[in-house]
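Before I ask anything, here is the structure I am working with.
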Amino acid sequence: MHEASTWRQRLYVIIFHTDTPAGQRFDNLLLLTILASLVVVMLDSVESVFARYGELLTAVEWAFTLLFAVEYLVRLYCSPRPLKYAFSFYGLIDLLAVLPAFLALLFPEAQYLLIVRVIRMLRIFRVLKLTPYLSQANFLLVALRSSKQKIVVFLLSISTLIVVYGTLMYVIEGPQNDFTSIPKSIYWAVVTLTTVGFGDIVPVTVLGQAVATLVMITGYSIIAVPTGIFTAELASAMRGDLLSHACPRCAKDSHEPAAAFCSRCGSALFPPGEHEADAPANSHEAAAKK
Amino acid sequence: MHEASTWRQRLYVIIFHTDTPAGQRFDNLLLLTILASLVVVMLDSVESVFARYGELLTAVEWAFTLLFAVEYLVRLYCSPRPLKYAFSFYGLIDLLAVLPAFLALLFPEAQYLLIVRVIRMLRIFRVLKLTPYLSQANFLLVALRSSKQKIVVFLLSISTLIVVYGTLMYVIEGPQNDFTSIPKSIYWAVVTLTTVGFGDIVPVTVLGQAVATLVMITGYSIIAVPTGIFTAELASAMRGDLLSHACPRCAKDSHEPAAAFCSRCGSALFPPGEHEADAPANSHEAAAKK
Amino acid sequence: MHEASTWRQRLYVIIFHTDTPAGQRFDNLLLLTILASLVVVMLDSVESVFARYGELLTAVEWAFTLLFAVEYLVRLYCSPRPLKYAFSFYGLIDLLAVLPAFLALLFPEAQYLLIVRVIRMLRIFRVLKLTPYLSQANFLLVALRSSKQKIVVFLLSISTLIVVYGTLMYVIEGPQNDFTSIPKSIYWAVVTLTTVGFGDIVPVTVLGQAVATLVMITGYSIIAVPTGIFTAELASAMRGDLLSHACPRCAKDSHEPAAAFCSRCGSALFPPGEHEADAPANSHEAAAKK
Amino acid sequence: MHEASTWRQRLYVIIFHTDTPAGQRFDNLLLLTILASLVVVMLDSVESVFARYGELLTAVEWAFTLLFAVEYLVRLYCSPRPLKYAFSFYGLIDLLAVLPAFLALLFPEAQYLLIVRVIRMLRIFRVLKLTPYLSQANFLLVALRSSKQKIVVFLLSISTLIVVYGTLMYVIEGPQNDFTSIPKSIYWAVVTLTTVGFGDIVPVTVLGQAVATLVMITGYSIIAVPTGIFTAELASAMRGDLLSHACPRCAKDSHEPAAAFCSRCGSALFPPGEHEADAPANSHEAAAKK
């Protein structure tokens, strides 16, 4: 009983902690296994490969699935709080990496859902010691979050514009020129506005080409808007904050980044008196304050 | 009579105000109805659907149209100032959401104009309590407005460039390679410069491909210009609720919104000497200084 | 003789100055004429229109050409320094707007060069009182000029990359897959890297598609570089310059934008002595105001 | 023997130094030769040219190859430290510019690898006195390097997204609509997300077009992310040769490169108290050092 508990703890450290050599070896192995299983799923979809090695691939896929299933059960077993793990982000992903294989017994197409295993690859951040990188990602997320409102407004406006443009093109070009329905015309408007331009549907009438010109120039110009929003937010996130320093007289505690005087009461933030005295006790206090 | 007036008021609150529970329910219902009517208009344009459910869809469309017509009349009836509503932005949109159906009795194509109902969806900002978002939109508009001049200059220069490139390609490639006329070549230049690249018209001669290379590199490079303009303006708009007032001593000309003293030199921004005397001799000096 | 001179002066004012009513009327008329002549040149290139109105269009074109020729001669006649005008930017453009018509007597294709008249449209800046806009354009040019070096380095690096990618694709895909020669493969690399993507030439081998993926991701990522360069320069151009104010002690005359003290000698740039003398009871009143 | 040494030195100056007239002439000639050899390699790949001038081109190519081989040997001979040159960047490039021709005797395709000669063109920076430009390039590299972390995070996230989108499209569209395998669907996802949009593979089912819409809007929106990252870094790099040193009193932590006093509070950045204690005669020495 005690031994089992020790085993569980040892397993827990190996499986959940990356900072021990054993944990690191385990994570490396896991990532390679996931990668290999992804390659197998992909190859399985290539007809010429499937025709020759189909049965082998299916067998290998099942092997990987069983491996991941065992891993999932071990994780549940050794985790000190199994339920918390099971409903965590990684817990759900680990389950999703196994389930589709069993689902595929009923619906063959479900097998490709195994590709969700790619999400498990995000563990790579942990393995490659990329956690500082994640703080950078966090940085990006802050900028994204604070630009969320502007981006929602932007996307709603664009959606309205796209519906109007799409319908207009349907009316102008009509079914005889591949604009067979309003939804399809809206699809065309998205393809054009985002400057992707597949060319599977193109305007052929002069009026249609004129409207298309308008759509393209709109898309080309407003490519600026999300960029601008995001850049401005990121720059402001990177520039950081106002100067935090209580004014000695009025106690206003946040100032312009480069302020030398309080903008409310006009007194020097770093009084020259102290300066002239060459700040005798000062430096200690400053150090203490900090 | 009095009762009718009460009814009108109650209706007014329900229909025009979102901040009461009844008003909120009404707006939610309205948005769903608009969305449903949009879906019907779109489905109506899909041939296979129309073939099977054509008559049903037409009937439903008319039902929606009558519903919106009644809503429009009720809005006119219960609004305290009907004319002001009728000529407001939303009033016109509400009318436009109904008219095309009747117009379609004469010109069948007009029916698709019903898609303008999508603009009514902008009420969603109000329903989803997105009014703070609208202040963000306003923010974007400020940036757009103050970058208007630069963007006009940019668009005029680009238009000139596009006309020149388009004609050049017409001369080089000619009608035998799909560049059938100058307007069409200009359309091609727009498609290429905006990096959309449908591929319906492509250069085939060596010289044509060389010019196309030039067009593409131009477009790829100047994609920077509107972005740069907009970003710079947005950044300045976000910093922008600063106080614009030249400091009388050091001429620092932008300050914190509530600043009374210059944060650089500590002198009063609005010197009390001038202030008390209500600036008697002052104004001359100020004028002289300026 | 004297009368002629007066005429010349009057003509000079009408033709060269936009700020008189007569000059404005002349410029408006001129722009409309240029626009009309551009439309005629464009229509002339549309086969169906040419088939029906070919002779009429040719006649109208000649009429415009003669009109512009006369205008050019009048400009030469009434300008106080004809040679300076003739070799100015607008003088050369005015000549180029006429010459191709005569050239077309020898080489019919030259007729389309009449499209250079579009450059004359730049006078629109003057007519629409857009001269303040031009100062904005000047602003953009400053940013462009100061980012010139970085952009040259960028373009040279990209060109090298494109040549390498193009040749690689030629070796991989070969003539049997439309990559018929290295120059054409380079053209494909430009089309792909700039994210235009016509689709007239596409990789079909697996290796080719892998390299194409690389090219596309390169293009998608470095779309950032010119944007970033330009935006950074524009922002720095708009933020304007350092603080120009001679330090009262050491005479260092340019400082950080928000400097309160000289960073070289540490003396206050705007000494508090002056400050106190200027406004003695200052701080109380200022507090009261708040 | 002594004469040979002089010869070697003279050759060394001509070949390796651009700042003498003879060296400049040599470099100009070299660049022209490289350019000519590039043109020959390119022409050689154009079938119609090869058919007519094939033998001539082959001869010229061999001439260039021998020329470059001789140049390489001379460089090795006259360089004071031949091994260091041989393993330097330019040394390896110079070797690579010759080898493929001999390799092509065995594998004909290898001949096109001669295009690596294009990398030798980078010497153009030196010839055109573009070395200041290179400092600009260095500038760009600094911005790129400090944005590396964020870009790695971005690319990994995008890759995950692309794999998921690609597989989804394979499941939805299937082999009958050109999405023949998961790798090919991933290729399509890259083409679409980067807004290239060749149009060689396009979704035809309604659901597929809906997902494609999502992919395109994702690509169009996140085109912002690398731009934003890079711009923010470049802007900070351009501000970036500031002195990083926390002011002992107000903690302002970035100053003008040559600052001795804090521009915000006027206190000495390197207080003379500490200074004198540390190093008595210091200030003279510091001044001398500077």
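First chain written, first letter: the chains are A, B, C and D, and each begins at residue 1.
The rule is simple: contacts are C-beta pairs under 8 Å (C-beta built on N, C-alpha and C of every residue); 3 or more make two chains touch, one makes a residue touch a chain.
All values reported here derive from a predicted model rather than from experimental measurement.
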Fraction-based call for chain B against chain A, same above half, different below: different
Most distant chain from chain C, judged by the mean position of its C-alpha atoms: A
Separation of chain B from chain D, taking each centre as the mean of its C-alpha atoms, in whole Å: 41
Centre distance in Å when chain C and chain D are each reduced to the mean of their C-alpha atoms: 28
Residues of chain A whose C-beta touches two or more other chains: 183, 195-199, 219, 223, 227, 229, 231, 235, 256, 258-261, 264-268, 272
Chain C - residues contacting chain B, complex: 38, 41-42, 45-47, 109, 112-113, 115-116, 118-119, 121-122, 124-125, 130, 132-134, 136-137, 139-140, 143, 151, 155, 183-184, 187, 190-191, 193-200, 219, 223, 226-227, 229-231, 234-235, 238, 243, 245, 258-260, 268-270, 272, 274-275, 278-279, 281-282, 285-286, 289-290
Of all residues in chain B, those that touch chain D in their complex: 195-199, 227, 231
Complex contact set, residues of chain B against chain C: 149-150, 152-154, 156-157, 160, 163-164, 167, 170-171, 175, 180-183, 186, 192, 195-199, 202, 206, 209, 212-213, 216-217, 219-221, 223-225, 227-229, 231-232, 235-236, 249-252, 260-261, 263-268, 270-273, 275-276
Contact set on chain C toward chain A in their complex: 195-199, 227, 231, 256-261, 268, 272, 282-283, 286-287, 290
